[in-house]
Every structure is written in C-alpha cells, then in structure tokens.
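Letters are used for the chains, namely A, B, C and D, taken in the order the chains are written, and counting of residues starts over at 1 for each.
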Amino acid sequence: MSPRAYSDQSRGMPALERLPEWTPEVDARLARVGIWVWIGADVTFFAAWFFAFFYLRALNNNNDWMAAGVTHPTRAIGAAIFLLFAISAGLFWVGARSVVSQRATALIFFWLALAAGIACFVVQIYEFRNLGFDPQMGGGYPSVFIGMKGAWLIQVVGSMLWLASNIAQTKPNGDVTVRPASATFFGYFLVFLAGIGLISYVVLYFV
Amino acid sequence: MSRTDRTHALRLLVAWAVLSVIGVVIAMQVHLPPGNQSQQSTDTTGLLQLMLVISTPVFIGVVLFILYSAFAFRQKAGALEDGPAYHGNFRLQVAWVAITAVIVFILAGLGISGLAATSSGTNFTSSTQPALATASVGTTAADRLQVQVIAQQWYFTYRYPAYGGVESLHLILPVDSNVVIHVTSTDIIHSFWAYQLGVKADANPGVDNLAYVTTLHTGSFTVRCAELCGIWHGNMVDTNGAVVSQADFATWIAGLQKAGATQVLPPYQPFYFPSPRVKGT
Amino acid sequence: MAIAAIGNGGPSIQTSERQMVLPTNLLTGIVLAAVGYWAGVQLGNSFGFNDGLNTGVLLGYVFASIMFLVGLGFANYPLARLFGWPVAPQSSYDEHRGAWRYLNLSLDHKVIGIQYLVAMLMAMLFGGIGAMLIRTSLLSPDQAVVSPDNYLTLVSMHSVMMIFVASAAIVGPFGNFFVPYMIGTNRMAFPRIEALSFWLVPPAIVILLASPLFGGFPTGWTGYAPLSEQAGQGFDSYIVGFTLIGLAICLSGVNMLTTVMCLRAPGMTWTRLPIFVWGVFSTSILGAFAAPVLASALSMQALDRTINTSFFISSNGGSNYLWENLFWFFGHPEVYIFILPAFGIVMELIPHFARKPLWGYRTAVVGLLGVTLLSWFVWQHHLFVSGIAPALRPFYMLSTEMISIPTGIVFLVAFGTLWRARISMTVPMLFCLGFLFNFLIGGLSGVFLSDTPSDVTLHGSYFSMAHFHYTIVGGEIFAIVAAIYYWFPKMTGRMLNMTMGKIHFWWMMIAFNLAFMPLFAAGILDMPRRVSTYLPSLQGLNDWVSIWAYVLFSSMIFFAINVIWSWFFNTKLAPADPWHARSIEWELPTPLPARNFDRVPTFTRAPYDYGDPQGARPSVDLGPEPAPA
Amino acid sequence: MRLVVLVLAVGILSALVTIFVVGFMLHRPPMLNASANSNGQGVKIHLEVVGSVNSAIEFPRPTDPHPTWVSYLPTTILKVPANSMVTMQIDQEDTPSGLRNPFWGQAQGIVGGTFHMAYFDNSGNPQQGDFTALDDPANAAHTFAIPDLGVFVPLEGVNAAAPAGSMNVITFSFMTGKAGTYHWQCFVPCGSGTIYGNGGPMQTTGYMAGFLIVQ
C-alpha cells in the first residue's frame, strides 16, 4: 500500500454501503459484551446490600439486629416471589432462543413471562404491606430487608417494562425480529436478576 | 547504551548524589511536630523525620531529571527532528520496579513494626491499637491508667473509672505512666486528637475505641476534634489538657471526687448507646 | 433488507423516533422538570412520614431529573419500542441541526464531548467560587465573615462540585470525543447511553446548587452518617446529585469498555492502543464497578432519612462503620477514576512533544492496570484511626504503599520518553511537566499518610487536604488544562492563544504551589480539615494561602477568557496538525467531518513511532479507492 | 451578535452567582449589643427559651422561617465588654427533655458557683432558690454553655403541673475573659425530629447556637 496522507480529497467519497460495526454480527457482539459488563456492575450494586446484611448481622449493635418482635416474614410468600420471577426469566429465555424460527411461539412465551413478572410484582407489594414489622421501630434486619427487596423490585419493574417493549417488537420487521441478539442478551439479564432473587431469598428468609 | 547516553547519565548521577547529600543534611535539621511529650509522639516525630529523609533524594532526583531534560533535550529552534527510537529497556524497568518495591517494603515494615506490640508490652510505638496482638491490650492491667473520652456535640469530657468514674472537663494525665484511652461517643462520629501526645482515635457511638499513650514530660496539650461533626466542629478545642506530676494528679483527682462530681452520673460503661429509638423522640 | 435498514442508519430512523406528542428539546425538558419537581414534592409529602419533609424533596429531585430526561427525548426510543413503532440503531452523527444541537439530545460523540467540556468548565467555575468563599472566610479565625453553618455548606458544596468535575472531566470531554477516532470507529457502542451519561450531569449540578435553598448540608463530600442524617433537606441534594453522577460514571464506563473491546478497527491491536485509551479503559473498569456501590450506599441514606430505617444508627442495630466502609469502597477507586485518565493524557502528550516513541509502552499499560487492580484493596487506609479491625491495618498499609510501585512506573515511562528527546516546549508540554512536579509532591506526601503510625498525626488534618489537592488540582486539573490546549484545535477548529497559554502556565503553577505548599505545614501544626476557626497563631499562614488562592483563581479566569475569545471571536481556522503529531486524530481534516470515517480504516502502525525512518507514513489506511461508478 | 450573546450569558451568570454569594455572606442573625446598657460593674442580658418560635411570649418572631423550631430569643449573637461581669436572665418556657450526659446537670464556671431559679414544684406551686446542679438531670430542658469560658448552666424544664404559659426564670452571672469570639450552645439534644436530637436548630446560628462577641 502506498503511503498516502489522509487529506481533504478523501471527503465526499462514496461510502461503502455499510461499515462493519453496523452489521448484525457486531450488534450481537456489542449486546453480549455490554450486557456482561452491565451485569458485572449490577453485581457490585447488590454486593453492597449483601455486605450490609452480613456486616450488621455480625455487629448486632445494641442487640438490635432483630429488634424485639421482629421475625422473618413468611417463607412461602418469599418463595412465591422468587419463583414467579424465575419462571418469567426462564420463559423469556426460552422464547428468545426461538424468536426468529417460530415467532408465534416465542410471542406466547413472552406474554407468559410478562404475566409471571407482573404477578411477582403484585405478590411483593402484598408482602411489603403485611411484613409484621415496621422499619421505623429500628432493627438492622428490617432495614436491610426493605432496602434489598426494594432495590431488587425496582430492577424487576424496569425489566418488565423492557420485556413489554420486546413483545411489542416481536413482529415482522420489528426490532426483536431483526436483531434477535437484543432479546437473547436481555434474557441473560433476567436470569441474572432471578439469581439475585434466589440468593436474597435464601439470605433474607433463612440466615 | 551509546556514549551520549553515558555522558548524560553520568552528569545526572553526580549532580543527584551531591544534591541529595545536601538535601538529606538539611532534612535532618528540620524539627517536626508533634514533639516528645509522650513515647508515641516521640516515635511519630522520628518516623516523620525518617520519611522526610528517605523521600528527599527521590524528590531531588525527579525534579533534577525534569529540569535537566527540559534544558538538555530541547528541540532546536525551528527544527522538527525526531529523537532516537528507544522503545524501552527491560533491565532498566525491572531495576526501577525492584528499587521502588524495596523502598515500599522498608516503609511498610517500619509501619508494621510500629503497630506490633506484645500483649504484655508497655511502650507502644504507635498510639493505635496493636495490630499483631490480641485486641484490647492492657485494658485491665493495674499498672495502666484507664481513661474514657466521651465525645458529644460539641465537647469532650473524660471519665476516670479507677476513681469512681468521676467526669472532668479537661484531660489531666500523670507523667511517666502508661495510659489506655477508651474513646467513645454519645451521638455521632468525632475524632479525639490529642496533638502533643500523638494520639488520634475516632469516637463512634456504641464503640470502645482504644488508644495508648505513655506520658514522658509534663506540660499542657491541645485536644481537638479531627472528624467533621457539625456546626461547632472547628470550636471543639480544649487547650487545657495537661500532663502533670504524679502528686499533682493525685491531689487534682481527689478534689474532683470531693466535689461530688459523680453524684448524678450513671455507672461507668465502656460505651453508651444514645437513646432515641424512633427519630425525633 | 433488514441489514440495509440497519446499515445506513440515519434520518429515516430518526423520524421513527419523533412520533411523540410534544416536541422533545431542552425547553420541554426544563418545563417537564418543573412539573416533575412539583409532583414529587406533593407525592412525598402526602405520605406523612416523620421525616422532616425529606421524602418530598427527594422525590421532587428524582421526578424532576426523570422528567427532564424525558423532555429531552430519552423516552422516545423506549416508547417507540413499547408502542411497536419501527426502531433501529440511531445514526451516531448529527449534521442536521446547527449549533442548536449542542443544547439538545445528540448521539454524536463529538457533540457530546463538547457538551461535556462546557458543562465541566461551568461546574469548575462554581466549585472555584466556593473555594474562594472558603478562603475568604478563613482570612480571620473568628468566624466573622461567614457563619459556621454556612461555612460548612460552602465546604460541602465546593467539595462535591469538584468531585463531580474531577470524576467526569477527562473521560467525559476527551474520552467521548477522541476514543472513537483513536480506535477507528464512527460511533460509541451505545450512543444513547453515552448521551444519557452526559445529560445526567446538568441535573446533578443544578440539584447540588439548589442545596442552600434548603439550608445546605454540613457533611463535606464524605457525607458521614449519622451527621448526614442530622442534616436538613439540603442533604437530599447530596443524595440525588451524587447518585446521578454515580450513574453517569457507571454508564459511561460500561459504554467505554464495550466500545474499546468491540469496535476497534482492523489493525488497532491491544498493543497499538494509544495510551490515553488505556487510561480511559482502566478508569472505565473502576467507574463501571465501583459507582454502583455508591448508589446502594446512597439509597440506604435515603431510606434512613425518609422511612426511618436504621442502616447507620448504631443504637438501633445499624452502624456508622457500614457507611464508612461502603463509601470508601467506592471512594478509593473513585480517586483513581480521577487520576488514571490524567496519567493517560500525560503519557499520550509527552511522546508527541518529545518526538520519541512512548518508552516502555507495555510497562506503562501494566502500571495502569496495576493501579486499577490495587485500588480495590486499599479503602480502609481512610479508616486507620476509626477503630475498625486493627488487625487488618498492616495489610491495608502494605497495599496502599504498594500502589506507589505502578505509579512509579508512570514516572519511569515519562522519564524514558524524555531521555535524549527533542522537546519542543509548547504549552501542553509545560503543563505535562508541571503535572509531573505536582504529582510527585502529592505522591510523596501520600506515603506519609499511608503509614499508620504517622497517619495517626496527619489523618484528617490539613496535611491530607493539601495532599489530595496536590494530586487532584496539581495533577488532574493540570492534565485537563494540558489536554484542552492540546486538543482544542481539533475539537473546535480554533487554536488557543499560546502566548496567553505560557503566561497562564507560570501564573497557575506558581500560584498553585505557593497556595498549597503551606497547607502541609498547617496540617503538621495541628489544623484539622473543614474547620471554620483555627489557632490565631496560624492566621498569617492562612492569609498567605488565601491571597495565593485568589491568584490561582484569577489565573483560571485568564484561561477562561483565552478559551472563550479563541473559540468564538477568532475566525482563523486551525491547521489540521498544528503539533506535527503522528496519532490518528491529527491525520483527519479540521474541521472534522460529521461522519468520522466513510470507510473502515485499517491501522498500519503504532501511534508513536517517532524516530523510525518509516514513521512519516500515515497511521491509518482507508482502504482502496472505490472503483468509479 | 456573538458578543451580545456572550455579554448576556456572562451577565446572567454573574448575577446569579452574586445573589448566591451575597445570600451566604449576609445571612446571619441580628446582634444584641449588651455593651450599650452597660452600667458600672457589668451588663445584663435577658433571653427567652421557647419550645417553638411561634409560642414566644416576650420576644415574638412572627416571620421566622422555622416557626416550630426550639430557639433562644430574641437572638443568639451577644456582644459584651471584655473582663466584666455579665448577668444573664433566662426565661425558660420549654418542657423537660433530659440530658444525655448527666454531667451537664451541674452548673460550672459561674460567679458564686450557684444560679438562682424561680420554678414550679410537682404540685404546681411557684418556688425559688439557689442551686449548684439540677436534682434530676432528666428535668433539664436546655443548657446555656460557653465551653471556651468554662460556663455551663443547666436550665430546668417547666414542671408539667405548672399552669399553662408559665416559665422558669434562671439568673446567674459569669465573667467574660479577654476579647475574642466565643461560641455558645445547648447540651440537651433538643432538636426534635433529627437523629440524636442534635440537628436542625442545634446546628443553626440564631436558634440554639450562637456567639458571644467579647470586646
């Protein structure tokens, strides 16, 4: 190749019809790497909450980690919350794999996933309203319980909105149909969130 | 390594050696606080002195190199020629890393030895809790004067559990004695800083934070708060702390007990949990 | 078809995103923000918590920020997706909206870089004014000028504002602007996230500036609980503003990491990556993974202040150590978020002005990544006297002092590059050398602080204050100024006035050192940080510092005049390569075309191959000429 | 055109900044210059302590931004002559909230070591006498403390049995030292609604925090 300084003549050259970073392959790559980095960031976000849990539990200042009258909420409800979201994540994951080949089936899976997610949200709100303890009355455990569950719930709501938008785009020439990668790797995030749900279930209800 | 390289290096080396010697000599003349009122402040002064001496040649070397290259390695006026294409010298890099590492480990060793103390040790070289000993060293030993520092917004008060838990406005310590200072707070975070004693320890609600001091000379010292604690943080100063002779201390504390200062005080505790359970009540 | 639709992403796609009821622009954003604030306050106060009306202010700020972003048009893409409208990756270049685009949501990384630059300079001005007020009130020890509660508010706002600036002022303007060029791509990985990471900053600044209207807050930038929970509604500004900035840091980190990992052009191997990109890359690692911890900790503060949980109330089963640990677990990586890109800038600029290859490139990269790794294991050196875990202090002392090894590598690389160089003493080069000098002092004083026994005396005193001002102002700000002088012609097409630049350097350098050197003495002479009064014996010293602080501030005003004048009133177009530098961005024409590369560039050499006979060849090959149609 | 825009922008910016700065510099409570009513051997100062500003009897402050805050009235910036005796009369109208550190229940650093207090006993009858300390620290409503002068005086809360609108009148004297600015504060955590009761009025000059300007 001849050494050729890049000069103004090179402007106005006809563009190649597409630059590589616009291809579906690159799109998929961006989605994959991006979602992994984002999950990593979210891991540290929740790690802080788990650190708070175990740190305060170990310190047990003023013997007030579990203030008088504070007990673990019903495990069944906690299990229901976690399972509903796990189902939602799983359904979406499965649907996203076949979104190109059988779009109709995928759509059904997506709708079911959304329903499960909303149910999870409803049950969580119900649990918040019937906790049996009031964070105002002190205690480390109630604080961490409210905080960790709340932080998780906010991300659940956000991901459900995004899931709904995926449903809307699962149509001929819709974004999901054209770029299935976006749905696939969003599925990764849902599964990760379900995993956090499982850990927090074990920690908050059994430890 | 061409000849030019060698000449430049030689010049720099000589200049650096000469200047460093001068610098070190000067650095050794500098008298650094916090002074010698206690064993701990004496050792802190020595450590600061040592660090100053160690870092002087480093400082001189770097500044010398910057100035030298700024003048010796200039582009000719109006010219635009490239320098030699040196891409790196593995041996030099390894050597540099090794040297810095050695310095770092020497300093860290000094610091750790300062923190090290046997559980029976009397003279700690740092006022912080001994890191390599079981926690709460000597908090029960009879040969140590136990003093509690109670930080509150915005004043330090002091209790002497061995004397009926009397409480005082100022910190008075006997000379030539090993003191264990228990720092705690009744509201938010403060930091107990007895400057001339070389003692600093945060005061946290519900925590008994230990500091150790061995008084060597009589004289007054300043106590102030070193952690932002609200509007009067800057005013949380007491210049009336004092190290006094054993006899003076005995008479002072006796008078304090006679004054009945303990009549309204609660029993002595290692720390006090401030009350309100719900905010605002 | 689908691929083509993705391919020439452009106007057709943007129309699909403008199917909104109301036009999305800055004005809409401001109006919606006001509405959102009102709604948030009403909602928050309607709960009737025993919270000193903090819930209302918090929700007001949150809603205002969200509605502001909606009004700017950040909701267009999600809503278009939600309503099933056609969407596709948006064009990342923006030529259809003149100067107005700088005031609106733009996905062009060049526009975002400029937006960031202006916003950061504004924030720096506000923070600087705060510093001047602080020094003014410290002219006398008797708290006569500013009452102590307002003094602490000043300190807090100065510190938090400057933290905002320091954490985004390099990756924001220069990272966003130049990383795509340096790796040979047309866009960032996620242009919308990139734009979001900028548009979170103005709300944060405004919210912080609103704090005095609610009584300010007395906590400094560390926001230690429980003091922060005694503070009034002013502290809610800290919570929301800092959360927004943390989110911005995290998002831009995610975006940068993905971009550098995925979008490097052919030939741009990891070992050819310009060292500045390495600096941004390592910073992004810290930003992406440390900032979320801050978000969690701040939400704990918010919960404590609104629904009266007790995360940090030790008498109710919480602990103030929890905040100290979480905050510094974020906070120490944060200070390397400040300085790593500054290392990148200095090591990027020195080769071009020394006209030598970067000496020990790989070692430099190892140094940057070493700092990145170590900075996760040092946070408790801020807590040496706090009473936490005495047995761990030797470890944190060691890890802290070990950081001086990779930091020393940076100096080694700079020296190796300067060795037998052909230095042209331009203004950016002067600032780089100034950086080396100041950061040397900052680093050496850091060793004094890292050693626990000596830290007992120095901790929380003006010594540590002088230390981090030497690293951040003398280090990072000097690097930023160097970068502005260096890249300004490429970013704006105008040269800065270099005579004024030389004056500015000596003015700033002398004033800075004369202002901050005495503060080491003040610290050793028993003057704690953040005090509104001090020993009368120290008044002479403090007055001296204040006077030189004014001089320092005026030097920055001088610099601002230079920038404004050269930018808007100097009509002369800058040459494409004023520095005769050989890295890619200088091989592109000035002004830069709206679309970075019409075709995929192929990198043919490292960016710093001065001194080798082949060096003159362009670093990038744009592929074969297209056959004439 | 550009010039106009520039001037406009700079003008608006500097205007905002000026407002901001001036707001900071000028925001301080009024000063009570007691040196004015100085007779031969000293000065008198009359203060009122109320549980909430809007319930003030002697020194009402109708336009106060925080009408529900506990506060010293009329102001907390007191100017007194150096090396002279200051006689304080404090009308204490607040109810007891108790001392966290009972140590502050003792009066210290005042002339004669005792303060005179007119108060109400548990059956609501007015009493008075000289005291060196409160019999029960839990009865303290506030304290008047100038730490740098070593002056600490507890102020007993109005007994619940007392008739409505009644006040405890505490009088004592202390010597001002050499010229200087001394801060004074309250050691009872009385800033209700804030953690550990030390926020809000406790950290705002003009309410429970102030200066004694000695010159």
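The definition used in the following text is that a contact is a pair of C-beta atoms (placed from the backbone, for glycine too) under 8 Å apart; a residue touches a chain by one contact, two chains touch by 3 or more.
Nothing here was measured: the structure is a model prediction, and the numbers come from that model.
Counted by C-beta pairs in contact, the busier of B-D and A-C is A-C. Comparing per-chain C-alpha centres with the mean over every protein C-alpha atom, the closest match is chain C. Note on chain placement: the centre of chain B and the centre of chain D lie 37 Å apart, centres being C-alpha means. A straight line joining the Cα centres of chain A and chain C is 28 Å long. Between chain A and chain B the centroid-to-centroid distance comes to 47 Å (mean Cα coordinates, whole Å). Rounded to a whole number, the gap between the C-alpha centres of chain C and chain D is 44 angstrom.
Counting partner chains per residue, chain A has residues 61-62, 136, 138 touching two or more of them.
In chain B, the residues touching two or more other chains are 187-188, 205-206, 230-232, 235, 273-280.
Multi-chain contact residues of chain C (touching two or more other chains): 50, 143, 148-149, 218, 226, 229-230, 308, 313-316, 319, 321, 533. Inter-chain contacts, as defined above, occur between A-B, A-C, B-C, B-D, C-D.
Contacts from chain A toward chain B in the complex involve residues 61-62, 136-138. Taken in their complex, chain C has these residues touching chain A: 2-9, 50, 78, 81-84, 86-89, 185-187, 189-190, 250, 253-254, 257-258, 261-263, 288-293, 295-297, 299-300, 303-304, 307-311, 313-319, 321-322, 325-326, 329, 587-589, 593, 595, 597-600, 604, 616-618, 620-622, 625-626, 629. If you check the complex, the residues on chain D that touch chain B are 100-103, 105-106, 108, 133-134, 136-137, 145, 147-148, 150, 183, 185, 187, 189, 192-198, 202-205, 209. Residues 50-51, 143, 148-149, 152, 218-220, 222, 224, 226-227, 229-230, 308, 314-316, 319-321, 354-357, 359-363, 384-387, 390-394, 397-398, 401-402, 404-405, 408-409, 411-412, 415-416, 418-425, 433, 436-437, 440-441, 444, 447-448, 451-454, 456-457, 459-461, 524-526, 528-534, 580, 609-612, 615 of chain C touch chain B in their complex.
Across the interface of their complex, chain D is touched by residues 50, 52, 126, 129, 133, 142-150, 153-154, 209, 212, 215, 218, 226, 229-232, 313, 533, 564, 568-569 of chain C.
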